[in-house]
C-alpha cells in the first residue's frame, strides 16, 4: 500500500463504516432488544482497521516529512502535526469505543452512538491533515456536529439536554466568528491554501490582526480558552464517560490544532500570536485550578481540570511561537498526548465507577466525591487507574504528566527571559495548587471504610477495565521513559514551527 | 560492576515494590518476607557499592533532549547516603513486621516504602539535575502516600497533603535551578554545574543558589517550611523513622552539600543558609520542649538537628554536616523505632499518659536511652562527635552570635531529650499503661542501630577519606580517625558545648527549683506550642485560596446568555489587545 | 441605490426578527431577511448560491422553524432580557466598531473597484469549482448531513421509540 | 462611492453579525436564540460571496457559501431538535430556567 492510498483509507474507512454501523444497528434492532453487538464490534473493527493505514502513513511521514493528497484544489497533507493528532485521536477513540461497549449497552440510540464515533474520529484526523483554510473549518464543523448527539446522548435527562444546548449554541457562535475570519483572509489573499496565504499576508497590517483575533476567539470556544470555556464543564460532565474522555482528551486539543493551523497562515502578519497564547495560558491555568478546587462532582472537577491542563499546552505552544523554541512545541504536543492518556483514563475510570455505582443501577445521579470513599477495596484496578491518572495530572513522577510539564517548563527557561521564568514559576505553582484537589480524591479512594454506595455497587466488566489497564500502563511507561514518544512529538514540533515559518 | 550495583540499589527495592503490590493483601506473610528480602538485598548492594566508589558515571542510559541522559555517579557522598537509605530502610521494613502486623492494605504500605527506598537511592546517586528533581518528587509522593496511609483518619490525610504541597512548593526552587542550568549550560550534569558555576551570569547563579536553598529548606523541614514535618507524624512509625528522620529529610542537606562549592561565592548565600539552619534549630528545640506527643517531640528534634546540618553547610563544614547526618540518621532512626515500640505497646503517643514504662520494656528503654544520649550530645556516643564537629565548623566559618545561639540550642536539646526520656520511661506510670516488651523483629531492627549509635564515630577517618577522594570540588581533607577525634577534644568549642549540655541536664535535674524561672519562660513555650504562628499562616493561606475558589464559582452562571456575552467580551478584548499591540 | 435599499431592508428585517416576541412571526422575518440576503448575493454576482439561499435559507429553514414551533406551540415570550441590555449593546457595538475599524481601511483598495468592473463572464465555472476543486468540502457536506440527521433522529425519534417500547412492554 | 456595493455589503455583514449576536444575547427563548444564530450566518454568507467577488473568484466564494449554508442549516436543525426536546422535558424554552448546571 502506498502512502497516498493509506491516507485516503484512513479518512474513508471510518466515514464509510459509519453508515454501515448505523444500518447494521437498525437491522438487528428489530430482532430483539439490545442486540447491537454486531454494530458495536463493527465500529471497533473499523477503528482498529485504521491502524494499518495509519502505520503506513506514519512511516512515509517520518521518512519524507509529509504525505500529500491533492483532491481538486484542496491539499490534504499529513505532516508531523497531522500524524500526531491522528495517532492521539485514534488511540483514544479506539479505547473509548471499547470502554463504551458495556457503558452504553442497552441504551436507546446505541447504534447512533457507534455510528457517530468513527465520524468524530475521522473528522479530527482530517482536521489535522487539511491545508485549506476553509476546508479546515468544514472538518471542524463536522467534528462539532457529530459530537452534539454524543453529548446529548442521555437526552431524557434534563441536565444532558441543558449541557448539549449550551455546547451547541456556543460552538456555533465560535464557528461563525471563524467564518468571518476566513472570509477576511480570503478577501485579502484570494487563496485559501495555508502555505500560500502566509507570504501574501506579510505586512498586511491590522486587517490580519482582526482575522487572527477572530480565529483565536472562534477556535478558542472549542479549545475552551477562558472565558470562552463556559460550555465545557457542562458538556464534559454530562456526556457518557467514553465521550467525556474523547471530548476532554482530543476534541478540545483538535480545536487547538485547528487554531494553530489557522494562525500559522497569519504568522508573517504579526508576531503577537505567541504572546496571546501565553496570556490565555496563564488565565486558563489559574481559573481552571481554582474552579476545580471546590467541585464536588467528579466529572465536573475533571472537566475544570482540563481547562488548567489546556493552559500548560498553551504555555508550551506560546513559548514555541513567540520565541521559536522547539522544545516548547514538542512539550506542548507531548502534553497533549499525555493529557489524552491521563484525562482519558481519569474520565474512563470515573465513568467505570459511575457506571458501577449509579448507571447500572438505573440512576442518573452524578458521581460525587463521597461516592469514591474506599473504592479501592471493591474496585482495586479501577481505583488504582483513577489515582494514577489524577496524580499524573497533578504532575507527579514517575507518571507521564510530569515529563511533559517538565519539557514545557524547560522550554520556558530556554528563552532566558525573566518574565517568562516568572510565568514558568506561576505554572509550577498552579501545578502545586492542582494537587490540592487531586490528592484528596486519591486519599478518599484508598480509605479502609467504603462508602455505602461502593458496598452496593455492581461489578465492573473486564471489557471496561481493559482500556483502563492499557492507559494506566501508558501513563507509567511514558513517565519512566519519556523519549518513547519523541519520534512523534519532534516531527510535530518541527511541522508546527515550519508552518509558522520559524525554522 | 558499579553500574550493576547502582541498578540493583534502585531496581531491587522497586522490583520488590511491584512484587509486594502484585501479590495482594491476601498473603501478608509473603508480603512481609518479600519486603524484607528485597530491601535487605538492596542494602547489601549499597554496602558493596561503597567499595566501588568513583568520580565517573557508573551507569548511563541514553535519553537525551529535554531530559538529559539518565546517568548515575557513585561518588562518596552518593554511596554513603545510598547505604543509609537502603540499610536503615531494610531495618525499618524488618521493624514493620511486628509493627504493621494485622494492618489492612499492607501491599500499599510495603510497595510505597520499597518504592521510596529505591527512589531515595536514585536521588542521591544521579548526577542529572532532571533526574534529581524527578526522584525528589517521587520521594515526596511516597512520603505523602505513607503519611496518609490511614486514609480514614482526617488528620493523616491532611498531614499527607500538607507535606506534599509544601515540599512541592519548595521543589519549584529545584525545578527552576535545573531548567536554568540547562538553559545556560546546555546540560543537566551536576559536575558540569560545579565546574562552570563561576562562568554563569551572576543573577542566574543567584537564582540557582537560592532556588536550591528553598528546595532544601522545604524538603528538610527548615524555616520557613518546617510545619509539615510534625503533621507528618501521622504516618506509621517505621515510616517516620525511615522517611521523616533518617533519609528523605536529609535530601535537602544533601542538595546544599552537593552544590556548596558552586554557590559558596554567591553574595549572602552562606549567611542565609546559616540563618535558616540556626532559626530552625532554635525554634524547633523550643517547640520540642513544649510538646507532649512523643512522636512530635522527635519530629521537632529532627527539624532542630537538620538545622545543625544546614548551619554546618552554610559555615563551610560540608564534612561536619555529612558526618552529623550519618550520626543523626542512626540515632534518630533508633529513637523513632524505639518510640514506635513504645507506642505499639502503650497504644498512645501522649507522653503525659506514659511514665515508668522502663521497667516493663527494659530492652527498648536501654536502646532508647542510648539514642537519647547521642541526641543530647553526651560523650562518647556518635552524636557527640558529629555535633562538636558541626559547632567547630560553625565557630570557624560563621559569626559568633549565631554560634552562641547554636550552643544555647545544644543546651535546649539536652533539656528536652531528658524530659522526654523521663516522661516515657521513668517516674510513675501516670496512665496506668500495661506495656509489653518489643517483639523479635523489632529487636532485630533496634539492636544494630543502637550499636551504630555507640560506635559509628569510629568511622570518622574512613568517612572523611570516602568524601575527600571522590569529591574534587569540595576541598575536603582526609584525616585518620584519631586525628579528627583529637581535633575535637582539643577544640574549645567542645567544652563550651559540653558545658551547655551539662547545663541542660542540670536544668532538668533541678526543674522543681527552677519552677519560677520556667514560669517566666512559659510565654515563650506557649508561643512555641503554637508553632510560632506558622500554623496560623498555613491555615490562612489555605482558607484564602478556598474562599477565592468558592467565590470564583459564581462566575459560572450557567446562563447561556452570559456565556455568549463572555465570548463576545473576549473577542472585544482580544481585538483591543491586538490593535493596541500593533 | 437599489443596493442600499436591499442592505437597509436586510438589516431592518433582521432587527425586526430579533425584536419580535411571537416566535412564528420572528421566523417569518428571518425568512424575509434570508430572501433579501439572497437578492443581495445575486447583486454581488453569486447567482447560483443565491438560488440555494432562497430555497434553503428562506424556504427549508423557515419550514423547519414553523414545524418546530408547531410542535412546541407558538408561545409568545417575555421580552425581559436575561442580562442587562446596555451591556449587550456595549459589547456588540464595541466589537462591531473595532472590527469595522480594523477591516474597512483594507476595503478601499483600488483593485477591488477594478474587479467589480468586469462582470460575471466566469459563470458556468461554479459547478466545476464545487464538484472538482472543492470536492472535499462537498463530500464533507454529506458527512455533515449524515451526522445531523443521526442527531435529529436520536433527539426526536428516540422519544417515540421509547414510547412505542413502553407501549409494547405495557 | 460610499454606497458602493462592497461598502454596503460589508456593513450588511457586520450589521447581520451584530444584530444576530445581539439577538442571541438578549433572547430568553431558545428558538429566538437559533433565529439570532441564523441571522449571523447570513452575515457570513454575504461575507464569503463578497470576498469571492472582490478577489475575482466568485465561484469559489459561492462554493464556500453553499457549504456554509448546508453546515449551518444542519446546526439549526439539530438546535431546533434539541429545543423541541427541551420543551418536552422542561416544559419551557425559557433560558433562565435552564441553569441547573452551574458553579
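Think of it as A, B, C and D in the order they're written, each chain with its own count starting at 1.
The rule is simple: a contact is a pair of C-beta atoms (placed from the backbone, for glycine too) under 8 Å apart; a residue touches a chain by one contact, two chains touch by 3 or more.
Remember, predicted model here, so these are calculated numbers, not experimental data.
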| item | value |
| --- | --- |
| Between C-D and B-C, the pair with more C-beta contacts | C-D |
| Chain B-chain C separation of Cα centroids, rounded to whole Å | 68 |
| Centroid distance [mean C-alpha coordinates] between chain D and chain C, Å | 5 |
| Distance between chain centroids, defined by C-alpha means - chain A, chain C (Å) | 30 |
| Approximate Å spacing (C-alpha centroids) for the pair chain A, chain B | 41 |
| Of all residues in chain D, the ones touching two or more other chains | 17, 21, 24-27, 33, 50, 52, 54-56, 60-61, 64, 67, 71, 74-75, 78, 82-83, 85, 95-96, 98-101 |
| For chain A, residues that touch 2 or more chains besides their own | 134, 138, 141-142, 145, 148-149, 152, 155-156, 165-166, 169, 173, 180, 184, 187, 205-206, 209-210, 233-234 |
| Multi-partner residues of chain C (at least 2 other chains) | 81-83, 88, 91-92, 95, 98-99, 102-103, 133-134, 137, 140-141, 144, 147-148, 151, 155 |
| Touch-based graph of the chains, sorted into line, ring, star, complete or other | complete |
| Contacting residues of chain B [partner chain C, same complex] | 559, 561-562, 565, 568-569, 571-572, 575-576, 579 |
| Chain C residues touching chain D - in the complex, by the definition given at the top | 1, 3-4, 6-7, 10-11, 14-15, 17-18, 23, 26-27, 30, 33-34, 37, 40-41, 43-46, 48-49, 52-53, 56-57, 60-61, 64-65, 68-69, 71-73, 75, 77-83, 85, 88-89, 91-93, 95-96, 99-100, 103-104, 107, 112-113, 115-116, 118, 120, 122, 125-126, 128-130, 133-134, 137-138, 140-141, 144-145, 147-148, 151-152, 155-156, 159 |
| Chain A contact footprint on chain C (complex, rising order) | 98-99, 102-103, 105-106, 132-137, 140-141, 143-144, 146-148, 150-151, 153-155, 158, 161-162, 165 |
| Chain D to chain A touching residues, read off their complex | 13, 17, 21, 24, 30, 33, 37, 40-41, 43-44, 47-48, 50-52, 54-57, 60-61, 64, 67-68, 71-72, 74-75, 78-79, 82-83, 85-86, 89-90, 98-101 |
| Chain C-touching residues of chain A, taken from the complex the two chains share | 15, 18-19, 22, 33, 71-74, 76, 108-109, 112, 115-116, 119, 122-123, 126, 130, 132, 134-135, 138-139, 141-142, 145-146, 148-149, 152-153, 155-156, 180, 184, 187-188, 204-207, 209-210 |
